[in-house]
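For clarity, chains are labelled A, B, C and D in written order, and residue numbers in each chain start from 1.
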Amino acid sequence: MGNNLLKGKKGIIFGALNDMSIAWKVAERCVEEGATITLSNTPLAIRMGTTEELATKLNAKLIPADATSVEDLECVFDESMEALGGKIDFLLHSIGMSPNVRKKRTYDDLDYNLLNQTLDISAISFHKILQVAYKKNAINDWGSVLALSYGAAQRTMYGYNDMADAKAMLESIARSFGYIYGRAHNVRINTISQSPTVTTAGSGIKGFDSLVDFSERMSPLGNATAAECADYCVVMFSDLTKKVTMQNLFHDGGYSSMGMSYRAMEQYIKSFEGLKDEAGNIILG
Amino acid sequence: MGNNLLKGKKGIIFGALNDMSIAWKVAERCVEEGATITLSNTPLAIRMGTTEELATKLNAKLIPADATSVEDLECVFDESMEALGGKIDFLLHSIGMSPNVRKKRTYDDLDYNLLNQTLDISAISFHKILQVAYKKNAINDWGSVLALSYGAAQRTMYGYNDMADAKAMLESIARSFGYIYGRAHNVRINTISQSPTVTTAGSGIKGFDSLVDFSERMSPLGNATAAECADYCVVMFSDLTKKVTMQNLFHDGGYSSMGMSYRAMEQYIKSFEGLKDEAGNIILG
Amino acid sequence: MGNNLLKGKKGIIFGALNDMSIAWKVAERCVEEGATITLSNTPLAIRMGTTEELATKLNAKLIPADATSVEDLECVFDESMEALGGKIDFLLHSIGMSPNVRKKRTYDDLDYNLLNQTLDISAISFHKILQVAYKKNAINDWGSVLALSYGAAQRTMYGYNDMADAKAMLESIARSFGYIYGRAHNVRINTISQSPTVTTAGSGIKGFDSLVDFSERMSPLGNATAAECADYCVVMFSDLTKKVTMQNLFHDGGYSSMGMSYRAMEQYIKSFEGLKDEAGNIILG
Amino acid sequence: MGNNLLKGKKGIIFGALNDMSIAWKVAERCVEEGATITLSNTPLAIRMGTTEELATKLNAKLIPADATSVEDLECVFDESMEALGGKIDFLLHSIGMSPNVRKKRTYDDLDYNLLNQTLDISAISFHKILQVAYKKNAINDWGSVLALSYGAAQRTMYGYNDMADAKAMLESIARSFGYIYGRAHNVRINTISQSPTVTTAGSGIKGFDSLVDFSERMSPLGNATAAECADYCVVMFSDLTKKVTMQNLFHDGGYSSMGMSYRAMEQYIKSFEGLKDEAGNIILG
């Protein structure tokens, strides 16, 4: 059913929680394309989600690990290389969480210990993964590493809070380490900036449904789904994209290059109905 | 009333049609800041608008010229240098028009002769002005040149049509000539990307009022007015911004860095009222 | 040898001159991936180059056409659909030429008739291709269109001249038409911004070899080759990248995200040898 | 001597160490333009540098504070408002330091405790300053806040290490808080991305002199100096730039928009002298 794009390749997928997760779809598609993989997530996420089911289905070793712990990450690489019989060819970082958002601390009332956790979980974990891999020389030459990002790294979304700063840092880490790992081992590192996606993580954000609707109407091709993101990850892991590195790749149906679409504006204008004067002019509050 | 920021400086302002024009406000503010200026616009615009009134008020010579004609532009510089008694220190390009938009040719049905006119009027005229000035050595060292642009150069706005491509080219010309004129004479060249502004030009665009409303609600500081743009032009013409060049400067109350504001989303959500099911969930069509 | 990524797909490749051309490699790879294609180039290019050889080898119809002529382009689509037995799924625009560069007119001494030609050949031709396709409804839903661009569209390269402005406009057309064609038929339109590549076209630029060397040393993965670009085009034509549109995709070994590499600086520092004082400090002129 | 651009305005300048510091020049220029200010720096920096001399000269209160301490920052605002007799109108954040760079930990061997310090000092301190100000409502409506950044936030510079990630985060904080503070109190927040500048901080970076030389030759107007940066800060603090917010403003003589200049390439080519074969072709290693 696949195209053998990852035939013989070995990979690690971080962050598959349940079948709504992008990482879940990526894992499935990678295996379909001929890869063998391991999965990793936190012990808590493994308990709360259904990652074990995925591991069984894909015949993939599941390695519990806290991605903020260098020691845990060392185990992930050691056990992955053992399970897969060699070095890694690709890796997905799909990890992000803001305790400030969880605790309803607004951006003008951040708890700085929680901010440190947001950064550690959502951005620095990516550096730790890369540094551990680098020190162990655990990624084959011309390997490919991806992290999932979001457009709030460039343009402020209300309610996205300190995750915006974490994503900006995540994308910077991709560039900074992309240079180092590229020049040393030709490993490429990119981020994919995905449409707002209805996952367990995404659905926590305030007014998320309306945002998804707006984004759908703004994007000429509509929002990108998790399954489509998985396809894109596959090509970015394959040998066909060997010279793409240090990039933030928008996978969003065109949203990032839209200023205003007719469809979104048409909907927006409806919001003023009943707010018109006799001449039909919109009365702005 | 001013701060003498342009004391003793000489400038040319292209494109003041009437007192709604950004160029009109820029002309007024430059004089207020101590500059002497000349004005230029097409013979047709001079007939249709009230530029002569402005010229009288500011004691500025008005030089009719078609900015797509190299000959006419040569006259503008010759007459300006004569009227002002020396070389130019600053220059504003506020010129843009799409015959395709005027003739209601949509972007998938462009008339290519009209497209050439759009480009010639709205983008190439800027190159011609700069090339004429360069060949005449008509701009003093450390002079400052501005052109007005719009965010559609980066992100597509429905209905903005071939003007988007013209603005993208305009901004590119600012960079390309900014390099050449900078290295030769330290002249700096920038574009200002302004909020949608209710001018005679702006009001021709379909659904413009709603766009202005959306932009107002998206921008934390609200849309930038023509008068505020004039202030910004003054500082970019002054000696206090000598090392800023080849930039596209957003002057838009923050719009360009916004993904979604609470206020805009709040308004957007109103558009779904009457479209909710019993449970209060939005029914998406 | 391929992965059947374009099995059953039909495409048109514009701009293959000889076996150094990127378009040549793209054509070969598309066929290798299961596509059937037609080729198009100007009559002059066909006489000067070896496109016919490629056509024979790939069993592809070669359709001479001036891409600035709407009539010629109509023939290209009519004949392609007839030869391929249906609508098009993908298309490559690899067309660019500056008569100003050819005639050694520098950017501060442009001939405006030649500038119009530069724009018409290198940018507007892309709009014409898209508009002709759109009006004929010649591209299947979810089709994919690519044009080749270059980083000078964002950052000025000495000697690249009016091609920089043309590339900026080309990328804008991809966005503008990407919106229109996306919302109507889900066709996606992107540009690939490729490393400087030693092709017949590229080699005309002054100091090109040194630029290629600098770029090679700056890019952690080195410059991207024409063959690698062809691989990237294949994935962008495939169904695995369906939601990527209106993007400018850098395919450059990381160059676009580099400020300065150690290797490039190491080489740069060598230029000062013999320019050091007794203490070994570089003497800057 | 000034233009009264900040007449009657009150400000706080963080980070003036000695007369090479950008913050030092900014403080001087603000006072020259009619402002009254306070200064703040760490107790250590005050001991090592000459900030007290500046305070005396400008008749400005010097408030020692660790900008990573919320308590200290609360004192800075309380004491500033008392000393200045009211709320603040403008503020400069010129704070940055990487303990990893100091301890020669390369980017592939970061100490994560030190990374936390880099982020805390160089980026999170900006959030803390803004959050403290916001909670105290210590900034007047339409106040202006600046932080100094560097181009490594967008494009990787070898040796800049974890400071690149810190600067990326700093710029993100400017956007995120720019939205919040803008919608609530019309306070604008921007970063200025300055040329590499020979300050005490800048001079710590490996190969810094050669980088400054390269940058000088790349920039059509040459590198921006600290004094010129101070001028730019003044206009960004003034009422003439009221609608500019959430922007990263390049102040770099055009560097950020340059791909390659003739002057820089000319110098680069010299590095190959003695590396040519008989035919004069460069021999690439």
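Worth a mention:
Criterion: a residue touches a chain if its C-beta (ideal position, glycine included) is under 8 Å from a C-beta of that chain, and two chains touch if they have at least 3 such contacts.
In this text the structure is predicted, and so the values were computed from the model without any measurement.
Across the assembly, the mean Cα position most removed from that of subunit C is the one of D. Contact count check for C-D and A-C (C-beta pairs in contact): higher for A-C.
Rounded to whole angstrom units, the spacing between the C-alpha centres of subunit A and subunit C is 30. Between subunit B and subunit C, the centres computed from C-alpha atoms are 31 Å apart.
Subunit C and subunit D have CA centres that are 39 Å apart.
Each of residues 155-156, 158, 175, 178-181, 246, 256-258, 261-262 in subunit D touches at least two other chains.
Contact residues on subunit B toward subunit D in their complex (touch as defined above): 3-5, 175, 178-183, 186, 188, 195, 219-225, 228, 231-232, 234-235, 238-247, 249-254, 256-258, 261-263. Here subunit B touches subunit A in the complex through residues 151-152, 154-160, 207, 209-211, 213-214, 216, 256-262, 265, 267-272, 281-282, 284, going by the rule given at the top. Across the complex, subunit C meets subunit B through its residues 70, 106-110, 112, 115-116, 119, 123-124, 127-128, 131, 134-135, 153, 155-156, 158, 161-162, 164-165, 167-169, 171-173, 175-181, 184, 246.
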